[in-house]
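Shared between the two complexes below is chain A, which pairs with chain B and chain C, respectively.
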Partner chain A sequence: MTLKPDYDVIVAGAGHNGLTTAAYLARAGLQVLVVEKNDWIGGAAVSRELHPGWTYSNCSYVCSLLRREIVRDLDLPKYGLQVIPYEGGASFTRDGNYFAYYSDHDALRREMARYSPRDADAYQRYSQAIMRQCRFIRPFLLRDAPDPASLRPRDLGEMAYLVKKAHGLGARELGETLRFWTMSIGDFLNEHFENDLIKAHLAGSGIIGTGLGVYSPGTAYVLLHHYMGDIDGGIGAWGFARGGMGAISAALAASFETHGGTIHTGAGVAEILTQNGRVTGVALEDGKVFNAPVVASNMDIKRTILRHVDRDVLPEDYVRAVDRFKIRGSSAKLNIALDSLPQFPAAPDHASFLRGDMHTSESLPELERAYDDWKIGRWSEKPYIDMLIPSQIDPTMAPPGSHMMTVFVQYAPYDLAVGGTRSGENWDEAQRKAMAETVVNQIEIACPDIRNHILHMEVRSPAELEREVGLTEGNIFQGELTFDQLFFNRPIPGYSDYSTPLKGLYICGSSAHPGGGVMGAPGANAARNILRRETRAGRMKGYAA
Partner chain B sequence: MTISPDLTLGLVLGPVHDRLEALSRTRNWYGWAGYAAPASVESVEFEYFALRNQASLFDISPMHKYRLRGRQAEAVLNRLVTRDASKLRPGRVGYAVWCDEEGMVIDDGTLFRLADDDWRLCCQEPMLDWLAEAAWGFDVEIADESYSLAGLALQGPTSFAILDAAGLDVAHLKSFDHAAAEPDLMISRTGFTGDLGYELWMPWDDATAVWDRIWTAGAHLGLRAIGYEAVNIARIEAGFLTAGVDFQPVQATERLNRGLTPFELGLGHMVDFSKGHFNGRRALLSAREAPRSLLMRVDVEGFKPAQGALVYHRKRREVGHITSGIWSPTAKRNIALAHVATPYATRSPTQLWAEVYTQEEGRWEARMARLTPVEGAFFAPPRARATPPARR
Partner chain C sequence: MSQFDTIVIGAGVNGLVAGAVLARRGKSVCILEQGDTVGGMAGLTSSDGPALAHLIYNLNSRVRRDIGLGGKDWPFKSKALPTVSLSEDGKHVVVDGAAVRFADGSDHPQATACSDLIRRLTRYGDLLRQLAEAPPPGGDSPVSRAGLKQLWWLGRFGLGVKRLGKSEMRAFLQVLLSNAYDFILDELPDGRLSGILAADAVRGAATGPRSPGTVFSLIYRMGHGGDVTLPQGGTAAVMETLSNAAKQAGCTLKTGAPVVRILTDNDHVTGIETASGDRVYAKQVLSSVAPLPTARLAGLHHFDIEATRRIRNIRARGTTAKVNLRLSRAPVIPGLPGNLLGARLLFAPSADYVEQAFNPAKYGDMSSAPVIEAVLPAPQMDRPWLSTIVQYAPSDLSGGWTDAAREELLQTTLATLARISPTLPELVEEAQVITPDLIEQATGAPGGHWHHAEMSLDQLLTIRPANLLGRYAIGPKGLFLCGAATHPGGDIMGLSGRNAALMALEKTG
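Coming up: the complex of A and B.
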């Protein structure tokens, strides 16, 4: 790898969105440098061998949202990406029973009928409501969110598209859309279902990664956000990246480098350099300086603006808006190396749902209480867990016969309350251990012999996510997915076109529209805007154009 | 077609049918060369992903297998197939096609050179009669091994690790090598999936024991029994042809001029005019310059599979059709094999469109999707060729 002093574009941060932006720009013929503070690439889409022989997807852990247009444009399978769908999931109960979520519609209906015949029939209309909203939203993921206050032709064009789509929905569905964007998942589920366990199972997607409870307005949208991906056209389906989530980053990097791109790891951006109100390059922590008229930041907007840009070159109201941007850590993670497959005594032998996502929450009130703990600065006493054992269908994750378990934990605060003070500094080894103990207790509901199988366990609080990955407060979405900061308000009203008040500085990470998840859409959208506005290359080519 | 594996229907059970029946949840059998073979075992999707991510076991015993032994076996085979068989060394396997006197493809298959004067031909169509005719007057002995030799295809990234766990040493086998791993157990590094994989060949009555041995070894390596529907997805991704689907074997055509030359199937590189006479040589010499159509590998715009679609030039003139079209779950592309009339296939390959029909929620719709020619396989992972092979 030879480094040059000058580039067309520098991308700050080698997360999946930064690499996506970089790969599109390199394909368009630009000279692009990606700089990364860690010695490895991937941001929160990484595969790490932290226990010899076991691979952990130790941040993000499942794949669905990654846009198929991007996968195809950037030829990711050619560069080693293989996505393996998993089937279904289950919620286990303390009395030794379970509710299984099958991907087969009729099997699911039959399973629901075990708990409530009425809910089984209600699922059809519930699912229709969700899927209609997903169909409505999906086309907007790879488009710019129009600024309704702007009269630029492009914004007017996008606005016309939005109006046309909304008109196509009709009055009733449009009403549903607005309800979806603003109501709570708890209220929505209560409208459709009567059984506590079924509601608890479905509610999980509404709270994952967010600092909101099941009864907080806005969580219905968070659920949609988790359903609008697809695998091979199966909307809402989820899977694993073979080799862990780092395989996505590795494929993006290989696609980028094949088209002439350069990645420099081991030194993050110290400062984004400017002259006369325009970006001129970056200075790295190791003292190196690189010049470029355009910098795309994959860091979240708070980190980018408040820590790496001279405040004097930015309008004060913009800086204050960035400071107000909600980005609260709410999730933790356990990554566990298992010596063999643990028992799930409630489940039938070889149940397919054991290969899916498993949970142990039994009701909406229980989930709301888990949120109450978070509000006062404690991890949940009975946390919502989203656990999977990918090594059952991905042989690369653990030695034969052994397994790797990923356990997502909701809720865990960033600013842990200890002795009357709340701070990220409070997350020490003892606190992390105590939280892990709470989580393992919760796993035992499904899997009573789990402790006998644990060879190694990595415990990650929001503070580790911030320290290692760079996500402010450890928020996995680079900013809450609430209506006040979505669409043309994301990240900052007036700047939904990936630009900033500083000429040449772009935001290409999940802080920008359409938000978090390993989607690649913000990265592709940012590349499209950079090409159009900053280069002679003009229009981007491909499905994401 | 789903049929019941009922002996009264004239179907025969394959050598590992007991094992397949015990594993089958879908009970989805189809007729393959007179055998009740699994179209699926558990679920096509799960089987397909086992094939591409772990390993899969598929009974290929219904293939036709012929043994050619004798001083002039090589000469006979060189008269039969279009490639130069003499270049195939003992221990190697070669893909081959063979034609009638008019240069039309009869079938394709794999040719195993077991020793200097000992060969095996493995193919889809019954071929004993045609082989006997080709061998007339030569010093060669032909035996039909179709009912005495069983075959199991072990395919997927953990296939090598499984053979190793079963105590079978195949680390040295390169792609298209074969060797006797044990007496009465030949293993070739071949397959119909384009992935890392092996085919195991053994006496008919040994098949269950070999199946059990592999099955036990694969317990922790993700091994699954699979059916043809999963294999079919993988073979299209690999760009392989299926007789009767992507071309009509000429001996199975009633209508005139439905046969195709190797050149028309994109298999021109399989034809060696420098090796002396072979069946169809004279006809192929003139056909070489004037293929009537071309079987192309194409990437189909959009996300809807183009199976059965008609192909148009500039959206107007009908110039061909899609023979196999799927959304590739691994290559994440909409891929297809298409027969396209020649002036259009070669002169303006970027102006080809498929008229794709879709039926969603009760409504049929037609859409023109642009075709982009693709060179080589749609999915060709490096692990398929790496030696020593990867373990996962």
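Coming up: the complex of A and C.
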């Protein structure tokens, strides 16, 4: 499609949230342009062939959180999205044993009983508690977070909804909810389980992507953040997008383009243009200028405000608050092309859990020590790893007989400490190699012959994630998921409605409520707010023009 | 056989306050204390050493009023102490109220930012204090009298928050649940300032400044104006005042009378039995011991399985030890003028230092470089005591608190103090090392924890000490908790005892 000088809305960044916003707005009849700095779309939801024949989901790697309302509204299956659930997972130990997690409840019970009959009983209570919290939070994901300091009818209405929902829980559940939200995942697990390995296996979801440890209050919520999704109605289930995570972005883009949207790749936003305190369009790095009364930024709030907007048009308080927004890189990634399936000597042949998420951490203290390393600017000596071999389920990911392995690594700092300085610049080839070595050692706990199978390995530190995808400090959630940056505090108190003090500029990425993960909710919510606020003001012409 | 309206178990701050409040409302009250002296954990001493709690910063004015010592009736003055952040290079920083300067009198570049922050925290603290000054809401129908009272109370708090103004209210709601480390470092890059605030945020707690929720603790500490005071005559004098207030109100006070059983009949308390087999009868029993020991006194069969589980899950890991050092003379701290020797001396050179000190405690080890709060209650005295609070020394030390472990803690403390006063270790004539296990032994507080239950967000307000146990009454009818494990928590504040007494009165009319 040819480019025009004027649009109703320009979306900066073709990540999954930007595309979601764009697709909703295009469906509403607006003329929408998405601009992307890379030559490919998808942001951190991409499939890339970095080794001939192998497809890497080289950033996000599994799917669960994508809201089904969005899948339905935007007809994503029609545009090729297919999510295949995977079964269970496992944690391997150094002494050659494993704990397997099965989605089959009875199988899981028997497996837990192998370590502790008490824990098998406790799991009943544990999973009920988590499920209750999931049910409580899910309706809030596609709603706006109310500003408690505002008396606008919309905020009061949302507040009333919150109070009603909380009241509906009853005194007992409300108390449990307050506790759950403020607890550490370590304490929560300690209340239920006695076996170290079982606790370590379950704790992983509480720290993925955060700058917190398993004993930090608030990590129980982070766990919830990873459980509140669903696949085909199975709450908490995870799966692979067929063809890699890029399939999600591709489906969103196809849905968007079918409704008349345009995507311009290869040139990022240089500046968000303003006039008289209002957005007028964007100037791209390649010199092109596009006009629009509304710009929705899929970039994180720090990048959007501090790099692409003239500070003079924004209130000082707001800029300071953005500057203090916490967005810390804490995870790295290895993407590995394997010549064949490696051996997992501890596991029975063809065990179903080998097709799920595999880990090698054995206790909560081990996980917490991994966090202590990160605090002083080092990657963990014994990192938590979340590794999967999706090509066992999705044959499109690697040539026949070969496999692709994705290894998520927690923790790795963005500002690596080397010789007394802490900086993202310190991530050179030697450091990356040294970190990869640490991680491969960790993988060897589960599969000792892994080194013999590696054909190609991509090592991504938080610095690469920032450089390539644009996520500040390589934080996968576009901002820490802590209380002070969630719900009405996300991204900035008073601006949880996706707006900014600059009229016409909206935040539609994961920096906004309800936060990160390949969820699409911030994008959908931003689109709703843009439609409500801007079409009413009559600024956007749509197809009529 | 003796009969009272109410029995209070434990003559610590909260037990004495609860007894006095009830007696002043016309109840006949008997307070039973296991030890030979009153004062509980705060007054805990070893021979003639200083008491466990060496400073007071939040004895509540409503408590004083309700025990008959409000306003001018409070018998003695307390001296507000400046805080000194000790620095190895001798460039110490003094925080006096909200004023900040270097110990040599020169201006500190971040003085204004620090004063603003302290004033902000004090303002927020004032709001949280209102929440502390009443039993937490819950349980009553909104149309009942009690329910309306709670609504009024909540509404008043809401109004207070609203009155902060839009942007301050937003800031309040944001920082309330955030972590002290980021919150402080955003404003104060100087380690000497960030360190002492971070240390205050985690004092007595099993947490580090990077943990979310620590700003709440910091604000809570500032709830009574933020002044740290040294009472004339020490903590013992405060305890004596409280016990006199209880006696004056008509309480019968028995020391050396450990309660071994809470008697019940038909799921209603009827009294208690002491170790010597004496029975004292009453329809209400208020226990200032922690929830689990209290439940055990009454018998766990009075609690359903869920309540038992909740009580067992209350976290109380003491992390703080007291090290009292008898010095041959007042120490010399290079860079510190003599008139500041009596200040609250803090060694916490940066927020990172505090966090690093916390790391080993997570794994059951003591800090190799601990955070120390030191007070010389009487520097001019011959052979003065240096009273120090050393963090972190976890109650669940791997290997246990053996004599060797205590010696290690003492040496670590001395080595740390030597960093700011190299000659100090030579002055030590005698040392008392009171570790969490000894505090537990002496007081029965689980884990020797200052607050009987960790003051973390998931154990505060309506869910303190545990969900559905936040209204003081537990187990059999007539049994109440009135200790630091209940809302709003410990320190020499007295509100737990007072609130519990008010709740007990409400139940009997």
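The criterion applied here is as follows: the second predicted complex is superposed on the first by the 535 of 545 C-alpha atoms of A that agree within 3 Å, B and C clash if a C-alpha of one lies under 4 Å from a C-alpha of the other, contacts with A are read in each partner's own complex, and residues count from 1 in each chain.
The rule we apply is simple: a residue touches a chain if its C-beta (ideal position, glycine included) is under 8 Å from a C-beta of that chain, and two chains touch if they have at least 3 such contacts.
Please read all numbers here as calculations on a predicted model, not as lab measurements.
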Of the two partner chains, chain B (first) and chain C (second), which one does A:139 touch, if any: first, second, both, or neither? neither
Touching A:82, do we find chain B (first), chain C (second), both, or neither? first
On the A-aligned overlay, A:393 touches which partner chain: chain B = first, chain C = second, or both, or neither? first
Which touches a greater number of chain A residues, chain B or chain C? C
Per the contact definition in the header, classify A:215: touching chain B only (first), chain C only (second), both, or neither. second
Partner chain(s) touched by A:175 [first = chain B, second = chain C, both, neither]: second
Taking the superposition on A as described, I'd like to know which of chain B and chain C A:232 touches: first, second, both or neither. first
Residues of chain A at both interfaces, chain B in one complex, chain C in the other: none
Which chain C residues qualify as touching chain A in the complex? 138-139, 162, 166-167, 169-171, 173-175, 177-179, 182, 186, 207, 210-213, 313, 315, 355, 359, 362-363, 456-458, 462-463, 467-468, 470
Chain A contacts chain B in the complex at 68, 71-72, 76-78, 82-85, 87, 231-233, 242, 352, 392-396, 400-401
Would you pull the chain A residues touching chain C in the complex into a rising list? 147-150, 171-172, 175-176, 178-180, 182-184, 187, 191, 212, 215-218, 317, 324, 326, 365, 368-369, 372, 375, 482-484, 488-489, 493-494
Any idea which chain B residues touch chain A in the complex? 45-46, 49-50, 52-54, 157-158, 161, 165, 220-222, 303, 327, 329-333, 379, 392
